[in-house]
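Each of the two complexes below includes subunit A, the first together with subunit B, the second together with subunit C.
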Partner chain A sequence: MSRSAARDAGDSPGHDTLWRLAAHKLLRDRAGLLALAVVGIYLLAAIGVWLGWWAQEWALITGSKWGPVSAEHWFGTNIIGQDIFQRGIYSTATAFQVGLLVAVLAVAIGALLGAVAGFLAGGWVDEVVLWLLGVIDAVPFYLMVAAIAFALADYPYSMHVAMVSTFWTGTARLVRGEVIKLRGLEFVEAARAIGVPGVTIIFRHVLPNTFHILLVKFTLVFVDAIKSEVVLSFLGLGVKEGMSWGLMLSESTLEFLAGQFNNLIVASSLLFGLVFAFNMLADALQDALDPRRAA
Partner chain B sequence: MAPHYGAASQRPSLQTADLRHAVSRRDVRRAWRWQNAGVLSAVPRKKPFPRQCAPGRALPCLLALVLVACGDRPVPAPAPDAELPAAEGIKTFHHSLDAAPSSLDPVQASNVYANHVVLNAYDTLFAYQYLARPYRLKPNLAAGWPEISADLLRYRIRIKPGVRFQDDPAFPGGKGREVVAEDVVYSLKRQFDPKNRPQGAWFWQGRIVGLDAWKEAGSDYDREVPGLRALNRYTIEVRLTRPYPQLLDTFAQGYSAVVPREAAEHYGPELGIHPVGSGPFKVVSYDTSRIVFERNPYFRQEPVDLAAEGYDPATQRYTGVERIAGRSPPFVDRLIIDFASDEASRWNSFTKGNEIQVAGLPVEKVDEVLESRDPLRLKPEYAARWQAASGTEAGFVFETFNLDFPEFGYHPDPVRAQRNKALRCAIIKAFDWEAHNQSWFFGLGNIFPGIIPPVVPEFDPTLSRASVTHDPEGARRLLAENGWTAEQLPVLVYGQMAGVRSRMFFEQFRAQLMEIGWPQRKLVLKQYATFGDISRAWKESRLPLIVKGWGLDYPDAENTLQLFYGPNGSPGSNDANYRNPEFDRLYEQASVMLPSPERTELYRRMNQMVIDDCVAITGMSRKRIHLWHNNVVALPDREIVGGFFLRYVDVLPPGESARPAEAGG
Partner chain C sequence: MDVLRFALRKLLAGVPLILGVTLLSFTLMVHFGPDRTFELLGKNPTTEQIAELRHQLGYDQPFLLRYGQYLRELLTLDFGHSDATGEKVASLLARSIPVSLALVLPGFVLGNLLGVALALLAASCRGRWPDRLIMAAAVFGMSISFLVVIFVFQIWFCTSHGLDLFPVRGWGMADVPDYLRHVTVPTLAVVFVALGYNTRFYRAVIVEEMERDHVRTARAFGSPPLRLFCRDILKNCAIPIITRITFTIPAIVIGGALLLETSFGIPGAGKVTYEAIISGDQPVLKAVVGLTAMLFVAALLVADILYRVVDPRVSLE
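And then the complex of A and B:
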């Protein structure tokens, strides 16, 4: 948090800042901490994959068809003899890669456009941004994402582009509303009065005061991105290279008739665990960062 | 025809089984999709919980059920038979196909589904014997075998008198008239009229005197074609430009079905949804999910002669087909065919007992349902309800290298060309057919070397199996000997239709190449949304590796050898763009020969050339297991006989068994 934001949030001797209060509250939230720990474990698994420590043989055939659970294959093997656990762990990295990339970009774009639109509310810039929000939101989400992903079929990041181009709108709406509220406050009026340029006001004084919203929104977009990735991959519109839980779930449809469920169980359990933990974390952050509760 | 791997449609018959292949047939191909969806519905009804869902393991199962329920759903169940009008007291045979026909107009019967349906609404001059294996032709609308001139260039075919088209408003007074020789001539001409968007002209292109010129001159139906004439009311004369030993086989295809001119002119393009023929059944309703036929009351009376149909009591008596001897088909009043792409849905419908009466056994169910694969035997609990038969498909699945890619194929530098050949040979050695067969076909596939599949008489069972033996060590050695390193190996794009099964085919292929040192990043999957898309990629020679299947149009190896005939290169059926002058010479020599040991020898030499030049990773013919309810008298076939078998199906009252008592019924 920037210094000015901290000051704006009431940082003065003898008073806790919003952030300090929030951290204090979060540390007392056992469910929130548990969720944070779970997310941390997933993140560690993903980092291990990125650094080449584990799950590097996910593409190799290391066992027999539908090999049973064993010390070598913790969750057995799939229809062509690949290790299901390794594929599941590798998919964690995919989930984080998609989640992080999409959440960072979508929240950044949403924050930027939302802040500008909010600060210039009523002007033509605001009109354009609102029109864009309306147009994008009018298209059913999965239809929009599928159309973009399909149109960019050969581009390895087509799914990311599709998700970013739709996920930023929620953040933009929230930030716009918050900025409209903030721009009428005294510190903004004061900045204007002493001649601080509008851009500076937005980026140094207004936007930092929306960080608590952005942080919560980031976790929600992160979860949405992971879920969408799974759905799109299941439908064949998602991950092009590599492995993902969606692909594993899709793969598991080949195995039901034969009574094989390991792919399904591993992929859905890992997905469930991460999404559940992230949702709990988002709830905890929301509680902690809510100024009324934090106070 | 050749399906894409994962989609296969074969023509006059082929299996539906898996297919990573889409069957194409020269220019005319159509894919059928893998059946990936609706899996939940496939849980056997008699088995409330799968093995993994034993008590105490409820959480995983609950998760599984929730996820599946949220995922892909089964195809909506077709309306029950009871909803059909006047169903009571009507003998109905109900079965399904895994995709809908593209059109019911014979000139567009370009895939197995269309062919299957067209052959029941229309007549063809010849047909395949119902029970003979290997397959044999027989006269159908033709009154007998043709008179053939000594030079094999002139055929005179006499058709049966008294055969009539079904009643239809297209005819004066709505009454069908007699089928005459002019109808046969007209129907074949339609294949050469661009207005019909015909897809089967390649059968006869350049073969019948004057037919191509007739097309060039504007396709005027009133203008006579010298090589295709009606000599009188019942006799057709066909004159060929060169001998064409497969001519009569082409007259057993849906493409050659006999269409009345009145109907073609009356309905125009709508003939594709409104068939008017002289076949055993008449279409009463048709949409993308179902077609309903009723018996054609005017279908000619021809008592079944089992001997003439190739009946073999020793192997076929159990089917109860002796019941139809001496009776005139068709034997059912109503024929219903559902088009359901989802295999699990079809299986559910079959096991339900009161819906479809014939189904293919999903490979995933083989171990559960079969007591023995060879000889084929059902477990007792299933044998009490069903009958079974198996057969090897009339076709095969394979992968060809596109030799027009200098990275893998022909190269102006002879040294590089030789290294490319070594590269292809190494890939062939790396490919593990056994693993492929076990993973996707439960070991039911018949792996064979070369491009002459086991179903044709020219198949050579003594051929060396080196080209279908997994030999990663040999592959690595070959690469090393020819100077191929991981850095030098080219990027290999594996084109496939979109779908999870084709993706897994790729993963298996990739893992096998990684085993010989091919970098993972240089093995790229390119998926195509539709069969049309990938077909265009083949025709435009945009893929270095073509993954497909081929369904034989007729039981003659010529039909597969033409896939490697130089002049058939892209956009023709020779997707490999294989150009071997010696191969082409032998092909041209053999193509005008009647079946003989000499011709077989030429076929086998060509086959060996394809193997030696490492042109294709080939091949495997899949085995299909048909199941049908005990009260159905039939020997189902999706191969060469295809749609012809439906007219011979009879249905006994529920509870009765067609199986003779001495056969255990």
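And then the complex of A and C:
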């Protein structure tokens, strides 16, 4: 009974939903579309690496020390003769692995805890979640990463765990605020009045109404994650297996004095391109999904 | 009196937060942390030697007792001696925190002032090309990694591949020229990285205030722009600005300049923290985490009191 009621209350075809309006606005936003295309190209490069199509020789010594730019080595070779371009492309896959894993988990945890806390605002669950948010925000980020790396004893994903456990707080705060607004609205009151249990209300009626926040937050956490990966890998706290832009930048510090900048140029340009595209995409999504502007 | 009672209540409310932070970091870093027994002992230690060292390090005591010990250290600000250098942790931090402040403050102040200036320019030309240009540049700046900015500025300003004007590494505060020589490039890097974020933040806050009715009314009555900005806009923007600034301070004071200090070889608190992380120097790490948590609670308190100062509608109850 309650299910069909909920379905009937949904938007009928032909009605302008927030999502349809947003898609319409996004399709007219040239900068946003361009950003989406750039992210798509990066994703394609990463998928190619995962499927073994290209950049598989990133660890092999295929040339001489600091080889010049050539048809064989598009951006030269590094200090021991590995192809810099292949390493850069391979690192794209690492960046997506870090970004996707961290962003999906952090946003999911943030949404869940934020929604529960907001729905039960004023109660002890809310107090506990708020306390947890305060605690995590008060621990310096690098120390959190180091502490988790210690605790997990050389576990290769300790950096990911550390990022997830710190990055969910922003989403949780936003979602909590939104849910506090939502839970006072009539449709939640109606669901409660006909006896829908709290868990169902949160998952079926409240959380779907925060998806527009989650989508924007996802892109922002993704950017934070790949930017942090670079810094942490440089500091020796990050990626332990494989290759990443941070490790390339760390490698490049050995080459500055010799006037070799290929590692720096390739790693920082690829990093910049992806982060810039994601930032533009986040802006475009925010514009498109803002209900005040959609009106 | 009201303010004092309010402050005391807020400080009490901060106790669970400090307990949480210390418990979390203690569990992760000390309880699960590295066991230094065999690192410190010589070859082929006897069972008694092992037991004695473990007793010295406190490893044989129960969890709660060791945690209680940590809390006592935090209350008395006596964190013992660094494992790595043997120096007292308190004097190590007393020496390095002023360096960090001297390093970061100029960039912090300049970054915020320039951010406000650019945001005002953008907000006053809203929708036209200066606004678009500034906001595009802000996203551009936000997308460049801090690490890359540091490297490029180092190569550009400090090596023979560029202008070669400043030293690449090192620190000195003996006199003003010495200080300026060492602080300039890090400050430029900080300003460059922070400017994008600051401009976006201030523009969003200012635009929201500019749209309010009382601002339009004041403008219609011919209020001069500067007065309009200072009295009608800036004062109403104060709450988000206070929040932003007070909450960046704990991170800056301790450990915030970690990347900058390790790259430029500056002996500040960030470098101390980094070296403690790498070598697993627990007394130092415990001090840094504990002090950051305490500063965080202090920042919460200061922010709450400042809200009251700028906005009489905020109640202290």
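In this section, the second predicted complex is superposed on the first by the 277 of 295 C-alpha atoms of A that agree within 3 Å, B and C clash if a C-alpha of one lies under 4 Å from a C-alpha of the other, contacts with A are read in each partner's own complex, and residues count from 1 in each chain.
We adopt the following convention: contacts are C-beta pairs under 8 Å (C-beta built on N, C-alpha and C of every residue); 3 or more make two chains touch, one makes a residue touch a chain.
Because the structure is predicted, anything quoted here is derived from the model rather than measured.
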Looking at the overlay, what does A:61 touch: subunit B (first), subunit C (second), both, or neither?
-> first
Applying the touch criterion given at the start, work out whether A:249 contacts subunit B, subunit C, both or neither, answering first, second, both or neither.
-> both
Figure out whether A:258 sits in contact with subunit B (first) or subunit C (second), or with both, or with neither.
-> first
Subunit A residues touched - subunit C or subunit B, whichever exceeds | C
In the superposed arrangement, which partner chain does A:268 touch: subunit B (first), subunit C (second), both, or neither?
-> both
Could you tell me if A:112 is touching subunit B, subunit C, both of them or neither one (first, second, both, neither)?
-> neither
Taking the superposition as given, does A:154 touch the first partner, subunit B, the second, subunit C, both, or neither?
-> first
First (subunit B), second (subunit C), both or neither touched by A:80 | first
Using the touch definition from the top, say if A:236 reaches subunit B (first), subunit C (second), both or neither.
-> both
Please write out, lowest number first, the residues of subunit A touched by both subunit B and subunit C across the two complexes.
-> 150, 153, 234, 236, 249, 253, 256-257, 259, 261, 264, 268, 272
What residues on subunit C touch subunit A, complex-wise?
-> 16-17, 20-21, 24-25, 27-29, 32-34, 139-140, 142-148, 151-152, 154-155, 159, 161, 250-251, 254-256, 258-259, 262, 273-274, 277-278, 280, 285, 288-289, 292-293, 296-297
For the subunit A and subunit B complex, residues of the former touching the latter | 59-61, 65, 79-82, 150, 153-154, 234, 236, 240, 247, 249-251, 253-261, 264-265, 268-269, 272
Subunit A-facing residues of subunit B, complex | 36-37, 39-40, 42-43, 50-52, 60-61, 63-64, 67-68, 71-72, 343-344, 347, 362, 364-365, 435, 438-440, 498-501, 503-504, 507-508, 510-512, 514-515, 520, 525-527, 529
Subunit C partner, complex, touching residues on subunit A are 131-132, 134-140, 142-143, 146-148, 150-153, 227, 230-231, 234-237, 246, 249, 252-253, 256-257, 259, 261, 264, 268, 271-272, 275-276, 279-280, 283
